[in-house]
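Below, each structure is written out as structure tokens.
One chain, chain A, appears in both complexes that follow, with chain B as partner in the first and chain C in the second.
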Partner chain A sequence: MDVLNFTYPGETRVSHRAHVGVVGSGDLEILLEPSPDGAAHVRVRTSVDGYAPIWRKVLDRFFSRYKGCVSIEINDFGATPGMVMLRLQQAVEEQGQ
Partner chain B sequence: MNGRHDLGPAPIRPHDLLRVRGAGDLMGDEPPAWVRGALDLAPFVVVRRAASAPPLIPVGVRGAGRAQRAAAFIPRAAVVGRMAPEDLAVARAWRTTSRAMAFPHFALLEAVATTLEAAGLPWGPVGSLGFELASGHPCLTQTSDIDLLLRPPAPISRDLAASLCAVLSDFPIRIDAQMDVPGGAVALSEYASGAARIVLRSSDGPRLVTDPWQEDMP
Partner chain C sequence: MSVTIDLQRFLARRSFVELSARERAHALLDKGSGKELVGPFDRQHSVWLEMQNIVPQEDDGVVVIHGRMDGKPAVVVAIEGAFQGGSMGEVAGQKIVCALELAKRDHERGIPTRPVLLLETGGVRLQEANLGLAVIAEIHAAIIALRPYVPVVAVIAGLVGCFGGMSLAAALCSHLILTRQARLGMNGPEVIEQEAGIAEMDAGDKRLVWSLIGGEQRAAVGLIDDLVEDDAEAVAHAVRAAFQARRPVQHRSEQVDFFLERLAAIDPEQVKDGAALRALWGKGEVK
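Let's look at the complex of A and B:
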């Protein structure tokens, strides 16, 4: 199991939490909450080792558009990059509701 | 179980286990080096949920450990046997495995069968458990979940899904159940959760839907 940490600059404060996803093969669980500082923090716990560069790429892409000051915990069970992006978008949308 | 089943008239669907001749029949990008050895040990591939041109079937190769997974395509003509997950359940394949004493997963499938069949739901083991039962190749580990696929013949309610999840979550090994719907598959637990939008895994990739039974066939 790998634990990966990423930090991105944040601009917009968020006030709510969101919990999306599923504990199950090919899926992931995301817990999103307001960040304690002005940045975005992501911690990924993944059951599949050796994919740090792919996570970096997916998260770089996501945070190139999303600027929320969020802390995100991800529990990954071998999700594809497409599934990761979809769940991140879902978490952000639910947080905004 | 040796996988030497007729191809039969049934369409090949995601999660079906296909017996193949070897790595030489794989098409697509050059596969990783471990693929040849993996297929020598267990000449089975798993049908993936992906878009493909009809004579070519999208498949995944399973190697040792979770990091060894490779995507490829295989021509239908190179498939020498096919076993659907529900074939393994109908045959009660777990009753004859030599590893039943070492892994409680197999005996638990007996209780899974009782639960799901009482609800009228065709089902089968998938993931490492299904692969091991179909191929005879040991790939379960003590930390393996029990991966299940449900194939309801008609829409089931979220209430029924929730009551099934409640029963399955009491089992001593974690159960990860997916459910086939016309446009792909959803996680049973997410459908049961009552979430407004849930992920549908379709052959075009995952997307969020409100009612997975209303989504069209791919």
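Let's look at the complex of A and C:
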């Protein structure tokens, strides 16, 4: 299990939180909530070791479009990058509702 | 208790099996009435999994939703089978125990809370060993303490099924509802194959596995109360009906002599498959 931390600049405040996914095979759980500061923070726990550069790329891409000041916790059980991106988008969508 | 398939209804149905634990719990309650207790943001995850390099889930695989059912207070406890096979660890199990104990306290205070368990579990979580076993014993005790007040209704929808110590919890419930996709048994087929050999049990033979421990077989030999279609509406209807029904005079677990006689009537040389057991036990009416 690897634990990875990332920080991105945030612009827009968010007021709600969202929970999506399960820690099941090929899936992941995401907890998204307002950030305590003006930045976006991501903490990843993943069952697959050695993929920090891939996580960096997926999150870079996600935060190139999304500017929310959020704290995101990810519990990953071997999700593919595509799955990770879909779950992140789903979390943002739920948060906005 | 056979299931007839109306094709139009079958196509229009909303699968219950495919729902997550959280969605299942909400599907059983009056629309919009459910409120989650000790949810993921309370972060009551297992501390033991991380020590063993296993990624935890923030609700530890058990979802507790309090809400209303036909306007009456209800608590639905749903196990998420996709997380660690729905296994019972310290936190997961304790959430179930607390939900059952609070339901009992409600009844002592005149609040008629309906308890529903959605079981999807391989049994004890091996990584938590004795803590998991201990909490399963507590779940058993909590079901027995609560069932004099109100029927404790359990649903096993599949696809994980319900095994090990939690199969005993299912058997202790007042009313047990399965789909044909569900399996209920003490040892899972893989365990039997591993321990007794492939001649005893070929776990890859799904037809064989379901003919022995599948929902339809369990209904045919009278070990469960309802066999329902994999349809969220049908499951919700069966659960509600279980609370309307007269409470069983005697729970299965109290009918010791009846089941001892049944077991004594089995000649292992003769009863070698599911069909033979059906012939012997028939639709065993509960006394």
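The rule is short, and it goes like this: the second predicted complex is superposed on the first by the 97 of 97 C-alpha atoms of A that agree within 3 Å, B and C clash if a C-alpha of one lies under 4 Å from a C-alpha of the other, contacts with A are read in each partner's own complex, and residues count from 1 in each chain.
Just so we're on the same page, a residue touches a chain if its C-beta (ideal position, glycine included) is under 8 Å from a C-beta of that chain, and two chains touch if they have at least 3 such contacts.
Nothing here was measured: the structure is a model prediction, and the numbers come from that model.
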item	value
Combined model on chain A where chain B meets chain C, clash or fit	clash
Chain B versus chain C as contact partner of A:31, first or second or both or neither	second
First, second, both or neither for A:22, with chain B first and chain C second	both
First, second, both or neither for A:86, with chain B first and chain C second	first
Touched partner set for A:52, first chain B, second chain C, both or neither	neither
Partner chain in contact with A:76 - chain B first, chain C second, else both or neither	second
Chain C collision site on chain B, chosen from 6-14, 24-32, 168-176 or 204-212, when both complexes are overlaid on chain A	168-176
Chain B and chain C footprints on chain A, overlapping residues	22-25, 27, 47
Parts of chain A lying in touch with chain C, wherever the complex brings them together	1, 17, 19, 22-25, 27, 29, 31, 33, 45-47, 73, 75-77
Chain B-touching residues of chain A, taken from the complex the two chains share	20-27, 47-51, 78, 80, 82-83, 86-87, 90
Chain B residues touching chain A - in the complex, by the definition given at the top	66-67, 69, 127, 145, 147, 174, 176-178, 187, 189-190, 195, 197, 199, 201, 205-208
In the complex with chain A, residue positions of chain C that touch it	20-21, 39-41, 50, 53-58, 80, 82-84
